[in-house]
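As structure tokens, here come the structures.
In what follows, chain A forms one complex with chain B and a second complex with chain C.
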Partner chain A sequence: MRVTAIAAGLAFAMSLSACGSGGGDDGDGGGGDNATPKYNAGVNNVFNPSDKKGGTLKFANDSDFDSLDPGDTYYGYSWNFVRNYARSLVTFKSAPGAKSNELVPDLAESLGKPSTDAKTWTYKLREGIKYEDGTPVKSEDVKYAIARSLDKDVLVNGPTYFNDFLDLKGYAGPYKDKDKTMKKFTAIETPDDRTLIFHLIKPFSGFDYLAMLPSTAPVPAAKDTGTKYKEHVISTGPYKFEKNELGKQFTMVRNDQYDPKTDPDTGRKALPDRIEVQLNVNQADIDQRLQSGALDVAISGVGVQAETRAKILNDPQLKQFADSADQARTWFTSFDNSVKPFDNIHCRKAVMYAVDKEGLLRAYGGSSGGQIATNMMPPLVPGSKKIDLYEAKDKPNGDIDKAKQELQECGQPNGFTTNISYRAEREAEKATAEALQQSLDKVGIKTELKAYPQSDYGKLYAGKKDFSTKNKLGLRVYGWGSDWPDGFGFLSQITDSRVIRDAGNTNFNVNDPEIDAMIDKALGELDEKAREPIWVDIDKKVMENAYYLPTVWARQLLYRPERLTNVFITDAYNMYDYTTLGVQ
Partner chain B sequence: MTAPLETTGKTAEAPPEVTLQGAGKKAIEGRSLGQIAWSRLRRDRVALAGGFIIIFLIIVAIAAPLVVKLLGHPPNEFHYEKVDANTSLPIGPLGGVSWDFLFGVEPINGRDLFSRVVYGAQVSLLIAFLATLLSVLLGTIMGVISGYFGGWVDAVISRLMDIFLAFPLLLFALALVGAMPDEVLGLRGYWLRVAIIVFVIGFFNWPYIGRIVRGQTLSLREREFVDAARSLGARSPYILAKELLPNLAAPILVYSTLLIPTNILFEAALSFLGVGVPAPTATWGGMLNTATKWYQVDPWFMFPPGLAIFITVLAFNLFGDGLRDALDPRGR
Partner chain C sequence: MIAYVIRRLIAAVLLIFVVSAVTFLIFFGVPRLGGASAEDLASRYVGKTAGEEQIKLAAERLGFTDPLWEQYGRFAKGLVAGADFDTGTEVDHCPAPCFGYSFITQNPVLPDLLDRLPVTVSLAAGAAILWLFGGVATGVLSALKRGSIFDRAAMGVALAGVSLPIFFTGLLALSIFSYTLEWTPPGGTNPVEQDNPWDWAAALILPWITLALLYAAQYARLTRAGMLETMGEDFIRTARAKGLPERRVVVKHGLRSALTPILTIFGLDLGLLLGGAILTETTFSLPGIGQYAVIAITNQDLPKVLGVTLVGATFIILANLIVDLLYAVVDPRVRTA
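Moving on to the complex of A and B:
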């Protein structure tokens, strides 16, 4: 998953809004006169459109990038920002709302051309693309960039999709192989300077999403310095690094070798002359500076803190500069079927019915923090459907009678005891655990709360199989965000049993051969219209078997200072698009 | 200075000891240390006020279920109707203060702050008293042994104290609480955590009291009454228990009183850092921790737990100071 940059204790910062990007605003999209500040003016609309160039765009980050190296980064905001200096084969279109879900060619002339079995994919690079030093970009450089990103011992942060899907035949990357010509790397062919042919180990209909990964941005082998490459990434985008003080700040200036004519599809605007990014700034300080106008964008994209959110929503003067952004993210609680009595489906269903869904939403800040989730896939994922099997709509405060009935069938008519784990630093998850405890108490299920540090939650605690079983963590509070807006990008890492490891899990609970088979079917399906229902079926299956208790589809509140132009929320990243912003 | 008249005036009001010995015929004979101290303490109104607050707090803590039943709601009960669903803030002025909710309610879930502060007193005082007891026991035993026997015993124990004093207690507590298994010696959950906190605070604070006791013992063991006892054939255990300990009672008592508020603050700090007593149990430090996140929009949330800690610590310190003055006026 794309990791969200939620610093410790900031978990509340998850969001806000009365109507959210999905509903409300009947904006007519772009153009027109959309320059008067108004709540949600940047949702589904380009707010303050402008083509005026110049000025300095100022970002601040409450923590630090995992890495500025496009081949070594997994934060959503980083994938958004990296497009200012790195061009991948394809990318998401810079457009407001759902229009951003469309993949468009960036370095490549067109989207990938698959073979009929979806195991071979071909891309052709555009002509005339150059690095910041004027040397032309070759297909070999893209191949090298992907090759180096395979080595998770050196570049540890990025996703492992290429490792999982390319037919590597044991190839482990140029650092281990010590051969920069990559003779053994046969999974990608480069018959000429502009063509790339990918050979996969299994069919993957959504391969264009992998071609979107920042790790496909070309890296000249001669300039690669391994882990130090992040100090000066060789730019292909509209900006290049001027000065880079790791962990503190960096500045970018225009890349004069970038030719907008080679970039007709992505919608990059490249308006400011300069970009400044400050790192490791206190989040409360960032919120203050946004409101005072000393800062333009909080780069992490997770929105303002809970208290700032309440302040903004209570003050119409501030509220007009805020946008509420729906997230392709679900907060949920995972059962542990290895902890008795949750091996019995009826005991899981008893919990599903018993919980006060409205109360759980309050834990994330009420309607400003999201909406009640009825199933796993959030509405922002294209093709997803609402599947309400446990009366979230009719009985939002829980159905005690149904829950007791299920307990009866489970053979635990008087309830039972179990534990609830949550990530200690996250206030909203603590509030969730407390709310769960309150509602379950009403049907006789007694619970104890266990807090574990979030940095090791997956590796050592809740996501470690034998730890969870031994400590009887029957209910584990967690959350998941989409890597990209489709069923695979959201569901695969939390429902495919083949991703389950001994520790460090993201799929905490689902081990169902039927679901695995359905995932394989979806991977091989080239037709998007036929593929989407398969993911909905998988979602439904998960709900029918009560493997997860979905609680909230997330929302957050973003603040847009007055001087920003071309502001809009992109559904692809669930935050402002960082390639179109300008300043007045 | 140049105010001979005033000086004379002051000498007229003789120090209490003089008055006591001079006036009243009964006063001359048979006043125990305790009686003298009590008569001095009785005249120290500030210390007495502190003492009364302490007694009041202890009663409230013990009678928490009753107090809450009369004046509040169960401490972990949610009151969603008292909180705005969109902003998560309490409805009404002063953080939702009303006759029904005397101190207002918590944001998000609307728990009764009055009840939580009252129940918080239980946790805070329990941990502080137990931890202090542990420190005092350990400190007295080690201090007396070290001071009385001297030589290599003293050297070893003194170095041990140095090591403990140099220990980064807070870091250790954080690590220990994080690394503790789920069940130790039959203790689980809440009680396990309380035991760990008591152990950490108590076990690592004994050298402070140990040093004071050692110093006192060093000077006491050279005194004539100890020599007399020894020449009459008394053995070490007898001398330790019957001759030295009664004379150490005053400093130990004073120091204990002053250690309690430190321990209350330490428990609050641990809860503040998230390694205190597990949720949803109310503790003052834990409440304050949550409140800091809301200070901009709901500043009232900070007052109940903050004032509770402030008043308790102040009361113990004032009482402890008064007690010291009463027991050992020269020790100022």
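Moving on to the complex of A and C:
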């Protein structure tokens, strides 16, 4: 056994210099009684269910959180993990698969109660919720937490949804307001210690998703230390910080002021006595430690490295501890309509038809890295539908004839030249750009590849309007993950023209008043069943107009060491649920 | 001698300022010359949802709109007298010598570096002892037994040591000794947080050996070449003719002469490592200065990169100074000069 392990280690180390290729996703395993290790046993099921408390749950992160401050974080894994120490008004139910898409009340007694025009939302806090120091949580503290998160000069990382939807009347947050009583912050009323009334600037039928944001976790104003609050967040969840060495590691212990009776709906288990999180750990070593059992969870939730993925999928002994997790993420290439001749829809359609979709999938490691995307909204988003307007299913290697026909209609029968940008540090995006180049070459579209650093890709390069136009970045390789599992959470930031700015764009190309109107219609629709088809229509409109070229719906391979209990993939976060895990 | 040391110390301080000016120019000036605006620089320190106005305000608050000389002047003043930084909610004081202030993590750089220094020193010192003694001893024995099986085997291992990258040998060592045999703690174990010297050493033994293997190989080859050359010199023949014991001929006359170039390289190598053993710390996830540098570069946190560069330069300059002083001890010719 040891010899085998040494050989495996040697093979692993050697594979670091080799090019990884994704293994096949044969879809075996999953389902049934779940205490025996089996491939995909953590997909749509709780693997190794247990209520045994105790032990230390060990996480490691190959980088660092954007911030541990609930009011200043935008990473998916952070939103998943933060629930261990911060309770928001509502949250996603801790349950396997699609069941996790259900929003349930956390701090609040129930989901929000909307006015008929969906512009006013009311929440009432549960009784008996306390901070780690024993003081009771009040509605004023939730209001203060949201108020401070509005100030993006100070807390720069979090999303801007509250800035966009609350009727702020110019209020910029408590750090800029000398009056600490927040009298000017009328967008949230707190008529008593338990009631919060939100006033929106426009209807928003999905406001409960905003109530799910970690920035609704209460912060006592007296304990707020601004940018330093991340050093010691005052806990309301089942765990509190014991030690926090920024950039290195932190440990959490049980919060004795957390009362499970006040938490009947979320499904938190709080099994381990202690949680350890190491930061900035070598990803290759994380993969090794997971396989050896020296580590329980890779907290970033992005799965093992490509090299490790191939090794695991080809070794039945290892594969039984792996779960293939579909993601609410689409890898795509955005056109730039300001770069000629992409102002002409037929030139865009020529590209849509010409590309080898299977080749693009190979760039992400084949079927273990995802599936061919036919449209923008991934299947994991509730209500989404497959829209195959460009023959991805019938002609996955591209339709050269149709592409040439579109080039004729575009007035470029012999093709044209353009540039393809990608993020330099991302191998898969480089491979995508190369695959695009090869495909387009077959119909006479000559391309040059341009790599830019990923940290500035949106702000200074591909996402900066004048830079993209000036440098003729006709095709820009990128990706987008859902902020939360619904049409708005996925599509709004990449299709609403009103979010377009000069730089730092997420919507790279869609400037269509019809789509804006459809988004507004969806926002005002309180009936979920009536709302979902609107988002599908928006997706279809995006495809009809060929604004984006979707390439791959992402998938990744997670590894669950043998001693983990209550392991399952939550569709809400597309990784293991971090509030239910335990150790044997 | 004292005047010489003082002169060298003053020169060292001046050199550090020159390094700081050049580094500052590279990080903050070159991008501007390349066409990046003050807002472009500031955009690294705002969130991904930041709008144009917000980036503009950040550029002003961080001082990127000021002339470059003024920005460097502030930085240099901070080195001598400390500096204050506005976090948006309070003014954070960075005491002298202020090596910069991270606008991403909102804290002064130097305390971070000092916090991580013990890990880097533990790693570099232990590895240096291993490679110096191991490399020099192997080189001497190889030279004395030139052409023997030992010589060939040692030089073969040395060649392998130089050729194998740390991220290969390091991960392999972890796989075997930490995760399979479980003799050593897993990667990421912080040595300075251990309860006793034994655990401290256990957390470092694999990084030490991995790092030392790389350097020992060079030192063995260098020592062997030096010894072969020295042992053929006339004064060695004279020493032997005078009837000195062979051990004394080898150690006192042969090795001492061959050591001078090794000492020069050792000073540079050790100085460089104290500024951060980037690959080793990254491979073993050791929270030292090297890992800090990688994080800073990845996040494009320029003040941190600048701070690490300055610390690294300081160590190299100091190590060189110490080596120059040690020359006099090792080589009598320097003393008489």
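As a working rule, the second predicted complex is superposed on the first by the 551 of 584 C-alpha atoms of A that agree within 3 Å, B and C clash if a C-alpha of one lies under 4 Å from a C-alpha of the other, contacts with A are read in each partner's own complex, and residues count from 1 in each chain.
What we mean here is this: a contact is a pair of C-beta atoms (placed from the backbone, for glycine too) under 8 Å apart; a residue touches a chain by one contact, two chains touch by 3 or more.
It should be emphasised that the depicted structure is a prediction, and the values quoted were computed from it without experimental measurement.
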| item | value |
| --- | --- |
| Chain A as common anchor, with chain B and chain C clashing or fitting | fit |
| First (chain B), second (chain C), both or neither touched by A:458 | second |
| Touching partner for A:303 - first (chain B), second (chain C), both, neither | neither |
| Dominant contact partner of chain A by residue count, chain C or chain B | C |
| Which of chain B and chain C A:365 touches, first, second, both or neither | first |
| Touched partner set for A:214, first chain B, second chain C, both or neither | neither |
| Partner chain in contact with A:503 - chain B first, chain C second, else both or neither | second |
| Partner chain(s) touched by A:431 [first = chain B, second = chain C, both, neither] | first |
| Partner chain in contact with A:105 - chain B first, chain C second, else both or neither | neither |
| Chain C versus chain B - closest C-alpha approach in the superposed model, Å | 5 |
| Shared chain A surface residues [contacts with chain B and with chain C] | 9, 12, 453 |
| Residue numbers on chain A that touch chain B, as the complex places them | 9, 12, 18, 305-311, 313-314, 358-359, 362-363, 365-368, 424-425, 427, 430-431, 433-435, 437-438, 448-451, 453, 471 |
| Residues on chain A engaged by chain C in the complex (per definition of touch) | 2, 5-6, 8-10, 12-14, 16-17, 60, 63-64, 74, 151-154, 156-160, 175, 225-228, 246-249, 278, 280-282, 284-285, 288-289, 291-292, 294-295, 453, 455-456, 458-460, 501-504 |
| Residue ranges of chain B touching chain A (in the complex, touch as defined) | 76-78, 80, 83-89, 108-109, 178, 182, 188-189, 274, 278-280, 290, 293-298 |
| Interfacial residue positions of chain C with respect to chain A in the complex | 36, 40, 43-52, 54-55, 57-58, 61, 87-90, 105-107, 112, 167-168, 171-172, 174-176, 178-181, 186-188, 190, 282-285, 287, 291-292, 295, 298-300 |
